[in-house]
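I have placed the structure first, in the form of structure tokens, so that the comments after it can refer back to it.
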Amino acid sequence: MPIPSLHVLILSALLFAIGVIGVLLRRNLVVMFLCVELMLNAANLALIGFSQRLGLLDGQVVVFFVIVLAAAEAAVGLALVIALYRSRRTLDADQLNLMKY
Amino acid sequence: MNELFIPAILPEIILCAAGVLIMVAEPFLGRYGRAAGAALAVAGLAGSAAAVLLTPRTPVDLLFHGMVTLDLFGAYCRLLFAAIGVLMALGAAAYLRREELPHGEFHALLLFATAGMNFMVTGADLVMTFVGLEILSIATYVLAGFRRRDPRSNESGMKYFFMGAFSSAILLYGIALIYGAAGSTNYGAVRRFMAGFSNLSELPLMLALGIGLVVVGFSFKVAAAPFHVWTPDVYEGAPTPVTAFMSVGPKAAGFAALVRILFQLVPPDQPVWTQLLLVSAVLTMLVGNLGAIPQRNIKRLLAYSSIAHAGYLLIGLVTASATGLAAMLFYFAAYLLMNIGAFAVVALVSGPGETRVAIDDYRGLGFRQPVLSFPLTVCLVSLAGIPATAGFIGKFFLFSAAVERELYTLVIIAILNSLVSVYYYLRVVVVMFMQEPGEPAAVEIPAAAGAVIVACSLLIIVFGLFPSSLLQVSGNAILNLLGR
Amino acid sequence: MNSLLLWIPLLPLLGFVLNGLFGRRLPKPLVHWIACGATGASFLLAAIVFQRFLNLPERLVQVVYFRWIESGDFVANFGLLLDPLSMVMALVVTGVGFLIHVYSIGYMWADDGYYRFFAYMNLFMFAMLMLVLADNYLLLFLGWEGVGLCSYLLIGFYFHKPSAAAAGKKAFIVNRIGDFGFVVGLVLLFVTFRTLDFRTLFAQVAALPVEAHYGVLTAITLLFFVGATGKSAQIPLYVWLPDAMEGPTPVSALIHAATMVTAGVYMVARSNPMYGRAPETLFWVGLVGALTAVFAATIGLFQRDIKRVLAYSTVSQLGYMFVALGVGAYATGIFHLMTHAFFKALLFLGSGSVILALHHEQDMQAMGGLRKYLPVTAATMWIGALAIAGVPPLAGFFSKDEILWHAFSGGARGHLVFFGLATLAAGLTAFYMFRLIFLTFHGRTRVPEDRRHHIHESPRPMTAVLAVLALLAAAGGFVGLPAWLGPNVLADFLQPVFAQLPSAEAAAHAPHDLAQELAVTGAAVLVGLLGIAAAWLAFVRRGALPDDEKRLGAAHRLVFNKYYIDELYDRAIVRPLAWISESWLWRIVDAGLIDGLVNGAGALAGALGDGARRVQNGLTRTYLGWVAVGAIGVGLYVLFLFG
Amino acid sequence: MEHLLSIVIFLPMLGAVCLAVVPRTRIGAHRAVALVAALAGFAASLVLLGRFQSARADFQLEEFHRWFAMGGFQVNYHLGLDGISLFLVLLTTFITPIAILGSWSVTKHVREYMIFMLVLESGILGVFLSLDLVLFYLFWEVMLIPMYFLIGVWGSQNRIYAAVKFFLYTMFGSLFMLVAVIALYFWHGQAAGAFTFDYPQILAAMEAGRFALPLDRQILLFLAFGIAFAIKVPLFPFHTWLPDAHTEAPTAGSVVLAAVLLKMGTYGFLRFCLPLFPEASVTLAPWVSVLALIGIIYGALVCMVQPDLKRLVAYSSVSHLGFVMLGLFAFNIYGVQGATYQMLNHGVSTGALFLLVGMIYDRRHTRRIADFGGLAHRMPVFAALFMIVTLSSIGLPGLNGFVGEILILQGAFADNHTFGILAATGLILSAVYMLTMYQRVFLGPLNRDENRALTDLNLREKLTLVPIVILIVWMGVHSSTFLRPMDASLQKALVRVQQVRQPPPVIHEVNREPAGGGAPGAPAPQAAAPTIR
Amino acid sequence: MTVVLFYISAFLAVLAALNLILQKKTMNAALSLVVCLAALSIIYFILSAPFIGIIQLVVYAGAVMVLFLVVIMLLDPFSEVVLRNHNRLWVFFSVLLGGGLFALLAFAFSTWQPPADTPAIPAAARNTEALAELLFNKYLLPFEAVSILILVAIIGAVVLAKKQPPARR
């Protein structure tokens, strides 16, 4: 019995929304980053779901690329976090406001 | 023709090869490393430009299984990016030395970013465009945080990264939706899919939403309101040459990608996004220009100005006409000259550690450093859109396109915005020339940076007075894109 | 003839240019030789031209030299017109002008601005001659404004005196107010008749029937008359003339008595074809003239400054001339203009002689008994005073008598009122003139002891001029004898100019009641003699002095202060205007409202900018929120469009 | 010599380029080069005068090159000269050398100063000679920049505010004009089938009836063009930039600003608004005229209370330019010709006034009227010259100002009696403020010690003024030298607007009416015409 | 069976996601994401994407998340602020935005009418092969491009994170 693709997609949307809420709510840079990862994964889930429903593999290829991208993003993002932490000694996103207005 | 038509991606290959070469060669070159890095970068960029020029134009847009397309539009943008790269490589060398930044990495990243931009504009498939965008983005995140001992640079990189990653996710979701609705990510395929619907309101909501989210993703890149919020902070904190690059390269690439999406992915005769873009254009202009008024920091000022210019450029998209889009293409070129010129001056004046970035630090620069002040004035005047500069020609055609579409309200708003912009650009000129000079700020002008500055200002005037060739090319590029 | 005519005004201009450019470096004798030579030569030319003119079959010469202004059909030539009227005027102007130039040599000798004075005088001669010789209204206006300018320059000749500078300015501005009317009349005239040329215009006007009433003509003539009230110092624009006495005395004599101020009279006379068809205007002309004649005469009663008395007298006499014009007796007006030029110039120059002798003392309180120090002056001034008082057979008698007779006998509206007022004015004139004579030359001298021995009769050129003018004042009237006495040479000569419509002269020369005319004459003479007698009683018999007049109280104060008209103008017009300009227009409308709007727009943009950048609070999460909002916005748009 | 017009425009620019290579320290050389360049420009424009054919109404000595294009957009380099622009060009080339000669007191950054002066001249000349709308706009804007620098760098105390205000004010208007130009392009193109920015071509299409603009569009375009021009003129209430700019600018800046720059506005109205949008012109004429009248009277009244010499002269410009506007919008030949003449007059007279004020400012470093008094004692030549210029400014017959004023009054009156009468009050007011100023500055006792050491004009200063004085007299006495050549072109410029406004209400019957002054007996057509009775 | 597994995994994923955003401790948040990723990987298997499922587990949940954990431990593992410092308005606003997005997407999905007959995609071993086919033919260029991406990331990470060179100034 096939999984209703709508449910898959709703799950994806839910995860995406949770990711968005998390990014907006959390102040820890790393956790915010994690939430962004969650958003990416939500997109991935949607792609997989579509791929399955449409019977086309392209979606999976895209997911493959996205995973690679996520890895790359993680590398750079965490490097940035480290650099920032070195100079500012904080991971609080709300203290990142040297520049404003 | 072979689908794996290598010349189609030769420019990118050259760029990447050059990038890798720089990284590899740098440790072996010792004290020549700096010069060699820049030279290699320039060579790579020049090579890519040459490759673009030498590649035969083919009408086929299914190269690499429909991943890239070879058209005039792409060629034009790639040449533009090469030019940006060259100007950056030349202009930044002295800055890198002064700030003791790793130049090899800088140049390599610059080249890779350029390659990424190239993919963005030549991509005929959302996947390709997305990958290009990510290459560009990641390189730019790094560049923004390049002065890693400087908390401002850290912050800039971090903010850019978060905003970028967030909007990438949205973009990606949009791609997913398009894929789901149309069954493909290929522009041509989606366009054909859409062409099947005679009435637009029958379009699957999911597809429309997907396109909307993709537009959001690129709007972020071009700093269109309300996705512009990152721009001032990031521009202010990033190393000045990087700011210069960000303000022209990714912006142009983002616009080019938007053009492709709005006029190749979406059938060009269905301008469904007009109102949305119109609102965005108006907002962007207002936010950019009004926000710039109270600025005291020149980098931040230019950041707001770049937001405003995104607004002007959006007019081209709103009109969805050959004139408007061609004007936009022309404006890319003009804009890159004026912004790089201006930022090159800012980079020089800012001094070690970028301490002199307040507008008041330009006091008395006017007659003391004419090689800096006059080109900067030319750039600012051009940004303000005053005639005899390339900026004017660009604006002129953008406004013309809007009038052609009878978007009078938009034009009125745009001209009022121009007026506001004149005010804050002039303020810099006022400080430079008209206020009593403060402490002497003797700025040493390295040859390469000086050449970039002078070349930019001269070209601004040249293209302001004799814009024909560039206009012709951009016009053709757009006609080619729209398939007319 | 053509070029001779041109040189009449051109010679003084040349003198002006020479003295104006180089006068500062020229010796004084050369300066006055140039100036007087130019004027004298001009007079000679005028005389020659006159002689030839008399022999012309048709006494009319119009020469167009070049086109001054041309736009469409609006054409103003630089052209001169010589007809009997302008001939008379040219002769009077150059003649009196020459005499006064000569007089000035002595009077101005000690002054630093010698060259400047003569340059201005020559310029004045040029302008005045242009005024009288012009062949169209616009060129007339050139002279008109030109004499105004020279009047301004010469009143303010002693420019270091703030009062002189202010008086000059006042003269110019009040004249300009009159000119406003003139200019409006001018443009209305052109709009109506499409020409400014006298001959063309008058030919057109003459073609209109006389008896009809023409709204446009009334308007034009009234507007011109406004100009005339300014130039000829009539109510309400007379205020500048008394102040004009700040200028050197020869200037007062030439400009503010003999020539310039009569320009209004000339202009109205010149425009007689139009005035003749605008009886409403003529009524106003006469009324204003009559009122001015009395009004100014009353002010003249109590003035202490010798020149101011003469100034008000001039205003009054000009009023007389307008009475003549008002009843349609143009030739008579011109006749009085001419005689007035003689005796008033004489009186002014005489007073100048007194003033010079007393080292610029002008208050009659400090004079008296000067007869024995200044015999020539005293004698000539006596003649002048008798002439102005209308004692036969001096010049003033004939002209004044003719005016009164025309006023009495003319058929114009209100002529009897004019007659009454004019007669009253004649009496007042006689009184204040002899008040002047008695206070100055008779009784005990009130000059301080130490200064008495400085008093000398003026140098020969000056007294000679006085003598010549006295002669003219005495005998000048014989060119205009009343009908019962002989031919009126002047009126006959002028007749072609005024003949285009039945004028009062024609009516007056028609068979009429001789007894009536003699009665009028007798009454006029009687009134004059009464005035003289009253003055004698008051100032010789009772030995009253100007200071004693203060006992008259409020009436004296009112009159002495010229009915507070200047103050009224100041309070009612000048100050409110300045206040409105400064407090309202400049500070509130300009700086407040308009600039406020401009700067306000800037400030608004700035405030909006401040608002716009508040969005940029530096917090990444806020920014992300904006992106999310934008995304949802796009989503809603999509939903709206495709949902 | 088929590039004569280009030569005239770019000769000063060439001089500027030459200046750029003269070493920074050679101040004398800078002045000399600038003067020579400006004089060369004047000489070239005299050649222009020689080759001008007065009888022709159309454009002469035209130059036409394709300039740039994109798609259908074709912008051309199209120059041409007619009777309207001829004397404005001459005025520009005449005033600039004088202004340069009057700038010897500038000692700061002389080279740059001179460069800006020359570039400014080129820009202004371009405005007067361009026949392509985009080219016109280009020159129109370009000339802002040197002026902005001249005010901002070499001005006095409040210069920055003035410079920015000047720039923004002008820019505000001209941006609207830009939109109008573009709109005109499309509307013309859609109607006539040929897309062009070429002014003669558009006009020809209108004349031939191929392109008719409906009234509402005309009004929009008129307003958009008009606001740019009105600000430049400056028409009340757009004038507040002018007192600041004039006051703060250096002498030569004020001279050029007053003498030539303001004429660009009135020129624009005459060149573009009247012929291109005749119906709108006629419809809006009452409004414009009322604004012009307000400008005349208001400017004069405000003049009377100014404590600052330059400000006074500046406000007098508002008043004088009001006259010009009134004349233009009278739509008859007298008014328009008078207005054009008055443009020249104002250029000469007010330019001279600013020069004179500059000379006294150089000596005393103050412009406050209250700081002077009795200067005629120490500076007779100066006082005399000032007097002549003052008289010219208040329109004394025989000097230049009168010719323009009387023609304008004639025109205005012929058009609308009330306007004419109200405008004539300007005659009084101008005398009031100018003579009051003259009195306070030159007459009266010399009672300030600072003024006792003043020296009269030197040779250079006299040399700058003498040509102006000669011109003042010449223009006043022999006006046909100037009126004749502009006649044909002005007639042509009026044709379209006069076609709209018919019958012209200028002919008056001498109305006969019964003695009681009852109903007018005039025939029906004249009944509409206002008549004074 | 698979259906039940799907819903269990889905539930788990949502739960883990919620924990991620509500969890106080950074480390715990990261671990919840790992759980979430694992649950998703199960779903991928169910949705006939076994290869991606494995990659998800190995690369994502494995390598990438380890990277995160390392960094968390390296830096300041115990400092955290969750919702405490937030005003209610912001929380409301965030949830509203998230909810809005969800609603929007959900509505779009619900209106989707997928094509009636679609080919089944190859699963299990065939899946990997097919994927490879696609990846190295059609998606060759992006695949190569992604290598640049990684290169950029490496360079970037090194540049940003390497120890500060001793200040020479």
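First chain written, first letter: the chains are A, B, C, D and E, and each begins at residue 1.
FYI, a residue touches a chain if its C-beta (ideal position, glycine included) is under 8 Å from a C-beta of that chain, and two chains touch if they have at least 3 such contacts.
The shown structure was predicted, so the numbers you read here are calculated from the model rather than taken from an experiment.
The chains touching chain A as well as chain B are C, E. Chains that touch both chain B and chain C are the following: A, D, E. With centres defined by CA atoms alone, the chain at the far end from chain B is C. If each chain is reduced to the average of its C-alpha atoms, the one that sits nearest the average of all protein C-alpha atoms is D.
No other pair of chains has as many C-beta pairs in contact as A-E.
With every chain reduced to the mean of its CA atoms, the largest distance from chain A is reached by C.
Once the centre of each chain is set as its mean CA position, chain A and chain C turn out to be 97 Å apart. Each chain gets one centre point, the mean of its Cα atoms, and the points for chain A and chain D are 66 Å apart. Here the CA centre of chain B is 30 Å from the CA centre of chain E. Distance from the chain C centre to the chain E centre is 102 Å, each centre being the mean of its Cα atoms. Shared interface positions of chain D, defined as residues touching 2 or more other chains, are 168. Multi-chain contact residues of chain E, defined as those touching 2 or more other chains: 93-94, 97-98, 101, 104-105, 107, 109, 111-112, 115, 138-139, 142, 146, 149, 152-153, 156, 158-160, 164.
For chain B, residues that reach two or more other chains under the stated contact definition are 127, 131, 134, 138, 141-142, 145, 148-149, 157-159, 162, 166, 170, 173, 177, 180, 183, 204-205, 209, 232-233, 294, 423.
Across the whole structure, chains are in contact as follows: A-B, A-C, A-E, B-C, B-D, B-E, C-D, C-E. Of all the residues in chain C, the ones that touch chain A in their complex are 613-614, 616-621, 624-625, 628.
Of all the residues in chain D, the ones that touch chain B in their complex are 67-71, 73, 109, 112, 134, 137-142, 144-145, 148-149, 152-153, 159-160, 163-164, 167-168, 171-172, 175-176, 178-179, 182-183, 185-186.
Of all the residues in chain C, the ones that touch chain D in their complex are 20, 24, 66-72, 74, 78, 138, 141-142, 144-146, 149, 152, 156, 159-162, 164-166, 168-169, 172-173, 176-177, 179-180, 183-184, 186-188, 190-194, 208, 212-219, 577-578, 580-582, 585-586, 589-590, 594-595, 598, 602.
The part of chain B that touches chain D in the complex is made up of residues 322-323, 326-327, 330, 366-367, 381, 386-388, 392-393, 396-397, 399-400, 403-404, 408, 411-412, 415-416, 418-419, 422-423, 426-427, 429-430, 433-435, 466-468, 471-472, 474-475, 479. Residues of chain B that touch chain A in their complex: 127, 130-131, 134, 138, 141-142, 145, 148-152, 154-159, 161-162, 165-166, 168-170, 172-173, 175-177, 179-180, 183-185, 232-233, 236-237, 294, 300.
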